[in-house]
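Both complexes below contain subunit A, partnered by subunit B and then by subunit C.
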Partner chain A sequence: MEKNDGFMKALRCRECGREYPLNATHVCEFDFGPLEVVYDYERIKHCLTKSVIHGRPETMWRYRELLPIAHEPTVGFQVGYTPLVKADRLARQLGIRELWIKNDTVNYPTLSFKDRVVSVALSRAKELGFSTVACASTGNLANSVSANAAAVGLKAYVFIPADLEEGKIVNSLIYGANVIGIRGHYDEVNRLCAEIAGKFGWAFVNVNMRPYYAEGSKSMGFEILEQLGWRIPHHTVVCMASGSLLTKIHKSYQEFIKLGLVPDAKYRIHGAQASGCAPISTAHKAGMDFFKPVKPNTIAKSLAIGTPADGFYALRVLKETGGSGDDATDDEIREGMKLLAECEGIFAETAGGVTVGVAKKLIASGKIPANDSAVLCITGHGLKTLDAVVGHVGRTREIKPSLREFESLLNAENHSELLSR
Partner chain B sequence: MAAASKKRKAHSGTRPEQHETKRLWLMYPARLITTPVIWQLGQKFKVVTNVRQASVTDEIGIVCLELAGQRAVIKEGIKWLEKMGVSVEPVEINVIES
Partner chain C sequence: MPVKVRIPTPLRKLTNNEEIVEVQAKTVRDAIAELQTRYPGIKERLIDTDGSVRRFVNVYVNEEDIRFLQNQETPIKSGDEISIIPAIAGG
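On to the complex of A and B.
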């Protein structure tokens, strides 16, 4: 029987270039470098045109030839094609001519960009014959694996540090996932998860399925280019945890250029981190091509990765595109979240506050020129990180059930507003 | 019944030691750059060390290491490395994502 790998050619080591079959494997046996999917771009060029894309449903799968599945997707049909919002009010606040928000806070079904990577990983896992999927996660990834696995009847195991807050666990338990809390120091838990991933014959989405999983992030970049009218934004600001999303946004731009879907143009990709966990942006500012591990201490928990697996590659993208890296303090993160909510009606999680906070700095410093345009990638919904803003977003004013009391409250507030002008 | 319980007892008493291979990233700070950490590891513990990639500057040492030996001995070796101030990650580096 003829082997059908769709438009994928092989897995290739990002370090030495050795190629491997398209199996559930993620590390080069020779130098332990990470593996990445290689595509047959010549064939894709003949199949994937703007008119073909236009004719497909508005989901991330409209670019399926550039995603690592051999056949039609089987998980997460509705994922992606989230709004690209022209953010004029926020643009005025930040002092830039044109600003766009790629709004993955409304991604389906779990309100974060992780639904993109997980639906790709699970679709590929099913193609490879897996019936059990797993991940190690403290938040968005766990929710997405649990929900997407439930929707197609896959068995899911989710590994978490045992001291994780109850609220984050409920978001996975509700889907019937097997949630296993591991007691111990973070590094021990991390190593055990790697061991479990190696020992059991499961599709561990961010371990043995990582080459496929990570490719799902490209769909965010493809959508930005199409929604902007088939052009590359001059500036794109992306938050960095492992650094993978930033490298895949870059890859998506390069692939569309290669296929002739957008004109080749100069662009810069900027990386945003929280000040309490900024190994990549710190290394970039210091002009280094490697990062030093840090112990995270930030309210942006979804970005709190002290030893980012793709940090080296993210640094390379920042350098190649002439982008900048910067960080935002906890207060700046909250301010960024409030700005985005008050100006555009978008409630993002803390990672979104990091992106807005860093964009503000880059615009103020001229690294993103005020007369230019930029896209901010917002990756998850604010309801996931309510704790970070409780007590920082104003207060409720209470009154008795009396119209007179309400009128006097309004008058008092109008009066103080007039005085403050 | 008695035979079954005897069998269980025999198993629990003579559990064979597991031999395994681990793939790790070691990162060590500037103060350890001149210390022959991997040589010391091989001297102190009965493990086979095999460096697959390395980058050592005057600021940081990053080594991709394959470690083979008895499971318990490898665990002890990792504990010793961490005590020395070496950060020990699996080859995937960060398995726990947000």
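On to the complex of A and C.
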């Protein structure tokens, strides 16, 4: 019987080019370079046209030829196609002509872009015959693996730093997943998972399933291009943890150019990190093509990866596209979250505050010109990181159920507002 | 001094599927040299042509990344454990 791998041809080492069969394996046996899926773009070009895409449901699977599964998806049919919001009020605040928010805070089902990568990884895991799935996570990925595994009856083990935000822990436990808290930071969780993955025959979405998993991020980029009217934005700002999302946004733009779906155009991709964990943006600023690992200390826990696996490739994308890297402090992160919420009604998690905070700096410094347009990739919902903003977002004023009390409250506040002018 | 080295899955073909190998060494560099003597070919998997640890390989002494210590010159003492781990994606 002929083996059917869909539009995939092989896995290939990004470093040395050695090829491997399309199994659950993620590093080159020779030099440990990451493996990446190779596609048959000639065939895809014939199958994936704008009219074919238009005729499909509004989910990430409308680009399924460019996603690494052999057959139809079996996990996460509804994921993706989140709103691209024209953010005029935020644009005025940041001082830029045109601004768009790619709003993955409302991604289905777990309110972060991770649903994209997980639906690909779990669909592929089922194709490869796995019944237990697992991940190392800073929180969002654990939520998504737990929910999507529950929805199709896969057993899930998720490994997280034990000190994560309570919201992110509950958001995994509710689905009945096995949640293992590790007393250490994410890089230590990751390290343990690499060892566990070598020992147990599970589909670890970001370890042995990584070549498939990582490709799911491209769908965020494909959607941006389609929603903008089949064109590439001049500037895209992406937050960086391992750097994977940023490299895949770049890849998605390149693939649409290659397939003739968008005109070839110059674009810049900018990377945003938290000041307390900024190995990639720091290296970029210093003009280095390698980074120095750091020990994370930031409220943006979903970005707290001190040894970013895709850091080298993210640096390369920043350099090749002429993009910038910058970082935001904890206060700037909260300020960014508030700006996005108050201007656009979008409550993003801390990582979104990082992206807005860095975009603000890049616009102020002219690295993103004021008369230009930009897309900000907002990756997760603020309800997941309440701890980070509690006590920083004003307070409830309590009164008795009496009209007179309310009127005197308003009078007092108007009075003090007048005084402060 | 005897130290344990944890071998990652992609390299176990070279170590006859041994997961933990014991070597005598004073530094990480010594340990890799001894591994090479016993399992020819393993060094070039870990070290690139200019002599540094390959960028997608993470080496730990006990729980610490050697890039936070003294890289290949990191001293090791009896009972220490060296782990060799491929870099992993985000989460």
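Note that in this section the second predicted complex is superposed on the first by the 396 of 421 C-alpha atoms of A that agree within 3 Å, B and C clash if a C-alpha of one lies under 4 Å from a C-alpha of the other, contacts with A are read in each partner's own complex, and residues count from 1 in each chain.
The definition used in the following text is that a residue touches a chain if its C-beta (ideal position, glycine included) is under 8 Å from a C-beta of that chain, and two chains touch if they have at least 3 such contacts.
This is a predicted model, so every value here is computed, not measured.
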Fit or clash - subunit C, subunit B, common subunit A: clash
Contacts of A:D31 with subunit B and subunit C, given as first, second, both or neither: both
Touching partner for A:A304 - first (subunit B), second (subunit C), both, neither: first
Touching partner for A:G243 - first (subunit B), second (subunit C), both, neither: second
Subunit B versus subunit C as contact partner of A:E320, first or second or both or neither: neither
Subunit B versus subunit C as contact partner of A:A214, first or second or both or neither: second
Partner chain(s) touched by A:A136 [first = subunit B, second = subunit C, both, neither]: both
Which superposed partner A:K292 touches (first subunit B, second subunit C, both, neither): both
Subunit A positions touched by subunit B in one structure and by subunit C in the second: 15, 26-27, 30-33, 135-138, 140-141, 186-187, 190-191, 193-195, 197, 206-207, 210, 241-242, 290, 292-293, 305, 307-309
Complex interface listing, subunit A residues touching subunit C: 15, 26-34, 114, 135-138, 140-142, 184, 186-188, 190-191, 193-195, 197-198, 206-207, 210, 213-214, 241-245, 290, 292-293, 295, 305, 307-310, 312
Interfacial residue positions of subunit C with respect to subunit A in the complex: 6, 8-11, 13, 45, 48, 54-58, 60, 63, 65, 67-68, 83, 85-91
Residues on subunit B engaged by subunit A in the complex (per definition of touch): 23, 27, 52-53, 55, 57, 59-60, 62, 64, 66, 78, 82, 87-98
Residue numbers on subunit A that touch subunit B, as the complex places them: 15, 26-27, 30-33, 135-141, 159, 161, 186-187, 189-191, 193-195, 197, 206-207, 210, 241-242, 288, 290, 292-293, 301-305, 307-309
